[in-house]
Every structure is written in structure tokens, then in C-alpha cells.
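The data blocks that follow each hold one structure.
Both of the next two complexes hold chain A, though its partner changes from chain B to chain C.
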Partner chain A sequence: MMVAAIAWRNIRANKKRSIVTVALISLTTALLVYSSAFMDGSHNKMIQAAVEIYPGYLQITQRDFRDNPSYDNLILDTGALHRLVEKTAGVAAHGARFETFVLYAAREKAVGAMLTGIEPEPEKLLSRLHSSLVKGRYLTKDDTNALYMGVELAKRLKVDVGDTLSFIGNGADYSFAADRVEVVGLFKTGLFDFDGGATFLNKPYFDQMMASTDLATHYVVLPRQPAAVEELAAGLRQQLSRDYRAESWRQTMGGLVEAMEVDSIFGYITLGIIFIVIFFVIMIYTLLTVFSRIREIGILRAIGTTPGQVLAMLLGESMILSLLSVCLGGLIGGALAYYFYLNPMEFPSYEEQFKQYGLAVTSMPCAFEPLTILRDMAIMFLLSLLSGLYPIVKVNRYQPVEAMHHV
Partner chain B sequence: MSEFLQVKDISKVFNPEQEFEVAALSGINLAIGRGEFVVISGPSGSGKTTLLNIIGGLDAASGGAVILDGLTLTDLAEKELCLQRRDHIGFVFQAYNLIPVLTARENIEYVMKLQGKSQQDCDARVVEIAEKLGIAQLLNKLPNQLSGGQQQRVAVARAVASKPKLILADEPTANLDSGTAAELMAMMEKLNREERITVIFSSHDPMVIAKARRSIILRDGRVVQNEITP
Partner chain C sequence: MFRSTGSGLLVARIAWASLLRRRTRTVLVVLMIAMSLWGLLFMQGLYEGMYEQMIDNAIRSGSGHLTIYAKGYRLEPDIKKLITNIEEVARFLAKDQRVASVVSRINQEALAATANYSRNAKVLGVELGAEQKHGRLADYLRQGELAFGPKARGAVVGSGLAKKLKISLGHKLVLSAQATDNEVSAIALKVRGIIKTNNLAIDDGAVFIDQAKAAEFLGIGAGVTQVCVILHSEEEMVPLQQALRQKFTDLEVFRWDELYPALMQSRVMMEGFSYVTYLLVFAVAALGIFGVILVSILERIREFGIMLAIGTEFALIRKIVLFESFIIGFLGYLSGSLLGGLTLNYFRVHGLDLTAFSEGLDAFGLDAIMYSIIKPDYFVTAFLAVLLATILSVIFPLRVLKKARPIEAITKL
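Take a look at the complex of A and B:
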């Protein structure tokens, strides 16, 4: 008890030393909390943007479609699939897509592009096609030969809203399919490749041309809770026949997930290097402060305080200061993370670089997850305790008389 | 008088086997009885402080043994030595060495608290000792609010509060004026008499040396005189 009192009194008596220690550790904690929040937030945002623009959180495909995306591996009964997904809990929206590639011709230009039959109403929730409209109008469920086109493709074909163009392609039965369609709307997602190569038709009309009634290449499902997508995929897998597979964005966008993981690894390596430097700064500072008190420690030992009690006293001081510091740092870092969670940072100059990764984002919000903040605070608490351990153990090894006479 | 403290063939070499090797003590043999009031004197560098440190277990001897009340201190590990110091030895240092963040009262009761004594026992003992040493009105002050003489009285109170068997005082009057030094010696004599505590102190001061009932003189790390004052 007396030893604890000395620890507390020392903290109060040596205000400058305590303030410098608290400032050092709390700033480091704030930095860690904020960096983690920014890294997690930017990854979440990138993933969200990449997933929501078009691919969707959960896709059902024929078992072999992803390995061999051909007409031989189509979903053959979208009606049955619709009924099954409809009665599944946790689903916010769902719809079928039939993707194919066609050759468009307008005036003297001919360009190959993706043509997809979509269900316009559910698609409003499944992707950002509707919200990416920049000119004209979006598709309706009654549209016949109305085409919804990316702005970059329109530029390449030199067409605009109201213009007509023709295409040729293969129907689902491998028959020749061709039609003349009118551009009713242009969209811009910000992804150059997508905006320069994607077109959409109302699926009932698309099915007539492509002989694809009740067929689909993908069936896209939006979970009510995006975070619960894995559980929903697992639930659907149990209900689906073995001919189909239900996969979350983690499987369908494996490349993006890997890129995020690599980015996280580099982020943590950078943080690790920063923390090694900070670890030694704290250790050297603790070494200096502990050695400035070596005479006092010698006195304590001389009058009967055991090395264990001295260790407990110094560790107690270190724990009190570390705890105060990580709480303060956690609050500062948490407040910053919360502010930038509500007010994402804008990076307009990085737009082109993000596009190279298939991302149409210019702002990066921080994540605000209390558990992650607590984890970072715990890491800093342990780090600051560990950094103080060596000086404390070293000073405690002195003979009392050596310590008392130490200059 | 029984042999309460035995110092057997103690030697101390600083920087052994190095260029600046110094033999601070050589072949010191002493036998001191319980309740004695002993002064160790000698010129600077004669080894007085080193001998006191080795007797108190603050420093390790290069050879020989220190036996206190039948227990060989020089064989003990650091933790056991700490406990022996806590329970049986009180120290008074030339530079007072009070714990700066504790009040006079807390400094005095510190060792008793380490021994696990109750607050009630500590309070009673602190009041008793403070009255004997005339520091009752200073108990709530921090060391930096006290004069040198007052700090040394608190240091003496700390040394005797836990009723040790032995008090080791290293030049306790060196930083005090002659009046305060005489008062302090009178108090230590009184405590020696009343509490039956063996006191060994080192000093240059002839007034202090004259108070001792046994005088040990060191020169160049050797005992050159060890006699009981008539």
C-alpha cells in the first residue's frame, strides 16, 4: 500500500516528467487509433464502392460458370430461384442478370461491348446503375428496345440519348441475335472500363431477342445487413441444389480482397516501423527518468524495500501513466476517427489512381469501431509497459549502495 | 556481554583485477556486544563508510563474513538481505536520504508499514518517537520543508521506529552545526539506553567520538585501535 502511495506521489510530484510521458504515449495511441480507423475505413469504402457499383454482395451462379463462363453453364430456372430467394430471411433485394457480349455499330463506328439483361426495379437496389444516370432516363420494366449505356462507350460510338444503333451477338441457344435499339440513358460510375464497355436492356425484352427466358448468367442478392453476407451465402448454399453456388463478394472479388490484404500488410509494416521507433523513444525516456531516480531507489532498497516491491512500485507508476495515456490517446484518436467517419476526407487528385484499381471513389471515411479502438489502446498499453520494463529491471539490479552513489 | 555482531576477516577490493584496483578493507575483525554505542573513526578514505555498508548488507564484501545475532548476512541473497535490513537494521545517512514524496510521518512509518504493522500501531509508535526526538510538530511536512537538522531527526526516527536490533549511522552529524549535532548525539544515546539498540556510527567529529563507549579507529582499511572507553 505504501509502495503504491509512493508510486502515485511520484507521478504527482514530478509533473513535467509525467506530462511528457503522458503526451508521448497518448499521441502515439491517438496516431495508432486514427491510422487503424483510416486504413479500415478506406478499405471498407473501397470494397463497398467496388461491390456496390455493379457486382453486388452475393451472386448465385451455375456451379461451373465462374470457371467456364459460357452458355453451357447458365442458371436454367430463374423463376424457381426467385421463389427460393424470396422466402429466404435477410434478403433486401434480388434479381437475375444475363450477361453477353455483342458488337455495336453506329454510323461508321463498330465497338464490342457487354450487353446485360437486367430487371430494372430490383437492380436499382442491387447496383449503382440507377444512381449513376447522367443523361436521359433509367430503364423501366416495360421498355422494349431501350438501351442504357456507359458515357465512355457512347463517346466511342459517337452516339447520344435519342440515337439508335444496332448490334449483333449470340442468343442463349447459340442462334444469331441482332436488333436495333435506342439509347435512352447514359450512366457514369467513374470506372472508365465499365463506363466504356457496359450496356443494359430490360431483361424481358432482352430474353425475347436472346432466347434467354427464365435463363441467367448471374442471380444477384442484396443482404439486409451487408456485414451478414457470409451467413446469408451459407444459408442459401444449404437450400440450393448442387448445380448452383452462392458466393459472397469475398469469393467473387478475390483479387480485390487480396489487394486490400496486401495494402493492410504494408500499412501494418509501416505502423510497425513507426512503433519500433516510438518503442525505443519511450524506452530511452523511461531509462532517463528511472536513472534520474536511482538514488531514491537505492534508499528504498537500503531501508528494506525488496527488489520485488521496487519493481511493483515502478511498474505501478508505469501502469498508471500508461493507462491515463492510452485512455487520453484513445479519446483523441477515437474523436478524430469519428469526425472523419462523419466527414470523409476528399482525395480528388487520386481519382485516376483509384480507377486503376477498379475503384470509383474520391473520398475516404474512417471506420469507427469501438472494439478496434479498444484493441489499439490495449496494444499501446502493452507496448508502453514493455518499453518501460528493461529500464526498470536494469535499475533494480543495482546494489543499494551503488544506486545511492550513482551519478 | 554476548557477541551480537561479529565481523570476521572482512575485505573489500574495488575494481578487482583492473588497473585501478583499490583495497578498501583488509582483514577486519570485530566483535560487538548487544546494546553497545560504538564509533568508527579514521581519516577520509580509511574505509569507515565501506565497513558500515558491508555490515548493513548494502554492499557485498570481497571476503570474510558478517554475523548478526547468529545469522551470517554475507551468505544471504539480496531479497533476504532486504528483509533483514527491514526487520533488524536501521540506517542513518549523512545526507539524510528521506523519501522526498512522503511526509515526515510517512517516512517514519514506512518501514513499519513494510513490516505489515497496523495503522494504529504505526501511529502510536510515530507519536512516541516524534515526542522523544522533538519533531511532533513536523510530522505533516515534506522533507524539502525541513531544515537539515530536522531532516536528520526524522531520519533517526525512521531508523529506530521499527525497533531494529542495530542502527548504523554514517557520519550523521557531518552536515549539522555543532549545537544540532550535540542534540542529535544526545538523542541517539538516549535511544540506545532506553530502547537497548546497538548503535554503530562513523564520524570525524571529536565531540561525537567522545560520546562513544567503544572507539574503533581505521587507517588504510585496517583496524588500528579497538578499545572500550573507560
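Take a look at the complex of A and C:
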């Protein structure tokens, strides 16, 4: 307790040094807290957008479908799967999809695109297809040859709501499938590739043409709690037969998750460089103040203070300063993160760039995770303690007489 | 004694001696500058290398420095909008000294199908020999060969498309596309090569086929949809674009940065990001230098007082202090540049292998092995930053010294 009191007195005696150190460490802490909140927040948002637009949080597929997405690896009994998922707890919505690729021919143009048979009602919750409607109407469960199409694809094909066009493709039995359909609605998700290459039909009608009744390529499940998706996936895996796989977005969108990790790594490298300089500056400032007090330390030793006590006193100062700064910095950084968590930053001018990478976001919120903030504060506390260590140990190596006569 | 005209050598010796007296401090400041420079140079060279690689991939495999289309093609691609005066264009470009290579292509949207799968794709009717010289396509070849084989029945396919279609060498591939008569035409091809350029537009959709074959398949009598030009130097891009626009009023000429605005944006964003980091790091470094100079001046206030009392001019003292900080800055700059330069050179030659993250890098169109670049102006920027930081951090301590009336300080204890 006495050590702490002396340390506190010394801090107050060296006001300038204390202020500079506190300012430096707290600003750095704020920078770290804010940067990680921003990186985590923007990455979560990008992943969330990518997951929610179409792929969904949880997909059930036939065991080999992801490695080899062919008609040989289809879900063969969607009815049974429907009943099984229906009675599973924690499921908000679920539905089957049958994805295939066809060539569309309009009056002037022919373009290849994805055609998917969906169940219009559950799909309203499973993806953002319904909320992305910009013209015409969404699909209903009684629709026949009504096509729901991305706006960019409509532009490429030069068709609009009310126009008809034909397509050719392969049915589930490898038969030749062709039909004429009428465009009833256009959607715009903001994901350029998706808006320029995806079309949807009501699954019952789709099944007649593609000979795919009770078959599906994907069975998509929306958990009640998106955060609990892994538990749900694990629960489903236990109930499903070995012919099926239940995977969360972490597996189905592994590339995107990894891309975000790479982005974080680059972010941390940059922060690391800034930290190196700050580490040195703190070390230099500690060195300067400790050595400006070297005579005082010599006298303390001469009157019987042990090296351990001097060490404890200096470490105590460093600890108090670090703790103070880290708390201050954590508060500032946390407040910034919280503000931008509520009011996301907008980047309208980078929309083009994000689209190119398949990211349909223009605003980037910060994440607000108290645990992450505490982690960052702990890192900075250790860093600032470490940076003061060398000067403190060095000054303690002097003999009392040497120290008193140090110039 | 010391006159203000005192030789530079003397100033240097005094400055050096005072630095040596506080060795730990000097070493720490030099280390600080060196480490921050090292980090900054490494970051800048690696990040820029990464983006230059992306741009280079896009230019070589896609647009070239300049791309020529028929009027209106870019906004609404249509194989009826052809560059028909291709020979005239080729002659004009062949005469121009600035041009390194020229290729022509026929592009059309198509559906690529195997027995099991189908995906939308892009047919690129090319002349392989010219493409090889143009974009060194062979460097991008992952499997098989760059050839269309006998009767030009072969195709070279982008790696992403090949993966989606589950095809490998020797497999059959059917392309269906709309021909000039609006009818859908189909052609069967054999996969002879697979390329990965990291230009996503190519990797995820391209099927390269022989140009004459493409013309026949799509019912094109004469002409191509795109001409790509690579120049000896990027600086010639704008003048040549102007010249082409004037000469061929029925055609449209685009620079790569107009066709890939996102890449250009990335480059600009990257540069801005580098400068902000530089500023931040050197603002902090300046604070470190400032602290050391200030303390060393305050410690020596009596020493300076004595010098002034025996007739030394303040200008000389200022010179000594400036020189001290200059020596620190310069030593830091030298060691930092050396470390940074060597590190960058290592990664320029060997590359940074990030294959562990290849799936994530693919999503951005980045190469799994990143090669850094070194530009002379990195070291110029670094020098200016160090110089600025040292000078700025000396100004305030010198004013403090002047106000402290060093001569009076002699008498104080």
C-alpha cells in the first residue's frame, strides 16, 4: 500500500510526463479498440449481407453435392426432410430449392442464367428475394409460368415485366427441358452478379417441367437465433441420415469468411506498425523520466531502500499510469465504437468497388462487443507495461553511489 | 573561441559527442525511427505490389492498357456491333512506336454445358499466338497446353468455370450462344488447357476458342468485337487514346481504369491509406524525438549558459542541436531504409506465400503468392518524413532554451 502511495505521489510530481504518457497510451488504446470494432463490424455486416441475400444461414445438401454439384447428388425426399426440420426446435423457416442453369432467349438476346425453383412463402423469410422487389410482384405458391428475375439480367435480355421469353435447359432426369415464361417481377439485391444472373420460378410448376418433384439441390433453414446456427446445424446433423450434410454459412461461404480474415490480417499489420513506434516512444519517455530521477533513486537506495522496493515503486507508477490510460482509452474507443454501431458510416462512393467483390453494402457499422474491447485494453496494458520494463530494470542495476553521482 | 562561422566539422564533433554521452537514449530513438520505417516500407511495398499485380493481371488478360470497341458496344454488348475496319486499325497501331502489342477478340455471352452441368460463360475468340505475346498467357496456364489442336476444336477454359463445370483436360464441352442471325447456335469443344489469371471476369467465365472458329460459330463475316492494346509505358495511354479517338470516330476507345473503375479506386484508396499511416506513425515518432531533444537541452542548460557566457553565439548552439537531431534522424533513416529495402527485395524475389488463405484471396482476385515492389520514391518519401519529423521536434525545445536565459541558469544549482 505504501508503494502505491509513493508511486501515486511520484506520478503527480512528474505531471508533464504523466500527461504525455497517459495521452499516448489512451489514444493508442482508443485507436485499437475502435479499429477492431470497425473491422469486426464491417466484416460481420458484409458476411451478413452476403448470407442473407440468398445463400441462407444453414443449408442441407446431399452428402456429395458440395464437392460435386450434379443431378446425381440430389436431395431425393424433400417431404421427409420437411417433416424432420419442421419438428426441430429453434427453426424460424425452411424450404427447398432446386438450382439449375438454363439459356434464356428473348426477342433479340440469348443469355445463360441460373434458374431456381423456390417455395415462395418460406423463401420470403429465408432470403431477401421478396424484400428486394423493385417492379411487378413477387411469386405466389400457385404461380405457373411466372418468372421472377434480377433487374440487371432483365436489362441484358431487354425484357420487362409482362414480356415473355423462352429457355432451354436440362431436367433432373437429364431430359431436355424448354418452356415459355412470363416475367412477373424484377428484384434488385445490390449484388451485381446475382441481379445479373438469377431467376426464380414457383417450385411446384418448376418441378413439372424439370421432372424434379420431391427433389432439391438445397434445403435452406433459417435459425430463430442466427448466432445459434452452429448448435442448430449440429442438432440437425444428429437427426439426419448419413446421406445428408447440414452446414452453416461458415462452411458454405468459407471463401468469404477467409477473405474477411485476410482483410483483418492486413489491418492488424498496419496497426502493428503504429504500435511499434508507440512502444518505442513510451520506452523513451520512461527512460527519460527514470533517469532524470536517478539521483533520487540513488539516495533512496543509500538510506536503505532495497532494489526490490525501488523496482516495485517504479513498476507501480508504470502500472497506475497504464491502467489509467487504458481505461480512459477504452472508454473513448468504446464510445466511438458504440456511436458508429448505432450510426453506421456510409460509403456511397465505394459501392462500385464493393459490388465488384460481391459485397452488397454501402454502410459499415462498428461492432460493439464489450469482450473484444476488454481484450484490446488488456493487450495495450501489457504492451505499455512491457515498454517501460527495460528502463526500470536498467536504472536498478546502478550501485547507489554511482546513481547519486550520475550526470 | 567558437565563432558563429565555426567550422561545420566542429559542430558535428560536438553534436556527436553529446549523442554518445547519452548512448541508450540515442540508440532507442534511432531504433524507433528504423523500426517504424522498416514497417512502413514493408507495408507500402507489399500492398502496392498486391494492387499492381491485380492491375497487371487485368491488363494482360483483359482490357490491355487501351480497349477499342465499336460504338455503343460497351454499354450494350452485341455481336452485331463489330469493328469492321480492323485492318485499318491494325495498320495504324502497327506504325505507332508507343504500342507494344495488339490483339483482337470476338466476345459473346454463352451457356457452357457438359453432360451434367451448365453455367453461363463468355466465349472469347482469340488468336493464341498474338495473345501469348500480348499477355504472356502461358504464365497463367495451370493445366494442359495453350493450343486449340487439330481443326481448332479445342478450348482453353478459366479455372473457376472449369471448377464449377467439373471439367478437366480432355473433357467435352458444349457452348450455346446467340449468333448474328439471332438463332441459338451450338458448338462442341474439347478442353485442352485451363488458365487462372486472377482476373475474376476471365477465371469465372472465359472459354477461349480459335478466332476463326468463333466467327464461323457466331455467323460473323468480318470484324471483331474488341481490340486490346498494350503500350510500352502507361504514360502514353492518354495521348494514344486521344489520337485513336480522333482517327477512328466510329469506334470507342477506353483506358483500363475506365473499364475497371474498382481497380483504380483500390489503387487511389491504397495510396491515401499509406499516407495516413505514414502521417500517424511519424507524428508519434516526432513526439519521441521531441522528448529526447527537449530533455537533453534542459539537462545541458548550464553547459549552454557557459558557452554563451564565453562568447558563443546562439546560432552556433542552434546548429549543434539541429545537427544532433539530424544525426539521429539520418542514422534511423539509413538503418530503416536498409532493413526495409532488403526485406522488400526479399519479397520481390521470393514473394510472400499466402497459399493458406488462397480461397479468401481468390474472392478478391488476389494472387496467393504476393510479390512486393520497390520504388525509389518510397525512400524519398521516407527521407522527407524523417527530416520533417526531426526538424519539427527541434523547434519547440530551441524556443524553450532561448526563453530559459541559459546565462542566468549558470548561477542556479
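Before moving on, here are some points about what is shown:
As a convention for this text, the second predicted complex is superposed on the first by the 405 of 407 C-alpha atoms of A that agree within 3 Å, B and C clash if a C-alpha of one lies under 4 Å from a C-alpha of the other, contacts with A are read in each partner's own complex, and residues count from 1 in each chain.
Note that a residue touches a chain if its C-beta (ideal position, glycine included) is under 8 Å from a C-beta of that chain, and two chains touch if they have at least 3 such contacts.
Everything numeric here is computed off the predicted structure, so don't read it as measured data.
Aligning the two structures on chain A places chain B and chain C next to each other without any clash. Superposing both complexes on chain A places the Cα centres of chain B and chain C at an angle of 80° as seen from the Cα centre of chain A, in steps of 10.
When the two structures are aligned on the shared chain, A:13 is found in touch with chain B, with no touch to chain C. Applying the stated contact rule after C-alpha superposition, one finds that A:5 touches chain B and leaves chain C untouched. Of the two partners chain B and chain C, more residues of chain A are touched by C.
Of the two partner chains placed around the shared chain by superposition, neither chain B nor chain C is touched by A:186.
In the overlay built on the shared chain, the residue A:103 is in contact with chain C alone; chain B does not reach it.
Once the two complexes are laid over each other on the shared chain, residue contacts for A:301 go to chain B alone; chain C is not touched.
Once the two complexes are overlaid on the shared chain, A:400 sits against chain B while remaining clear of chain C. Closest contact between chain B and chain C, by C-alpha atoms in the overlaid model: 10 Å. In the complex of the two chains, the chain A residues touching chain C come out as 20, 24, 68-72, 100-103, 105, 108-114, 156, 168-170, 174, 197, 254-262, 265-266, 269-270, 272-274, 276-278, 280-281, 283-285, 287-288, 292, 350, 352-353, 355-358, 394. Across the interface of their complex, chain A is touched by residues 24-25, 28-29, 31-32, 35-36, 39-40, 43, 47, 78, 109-113, 115-121, 166, 176-178, 182, 184, 261-262, 265-266, 269, 273, 277, 280-281, 284-285, 287-288, 291-292, 295, 299, 354, 357, 359-366 of chain C.
Residue ranges of chain A in contact with chain B, taken from their complex: 1-2, 5-6, 9-10, 12-13, 296, 299-309, 399-402, 404.
Touching chain A in their complex are the following residues of chain B: 53, 56, 58-60, 78-79, 82-83, 85-87, 91, 93, 97, 99-102, 106, 110-111, 113-114, 158.
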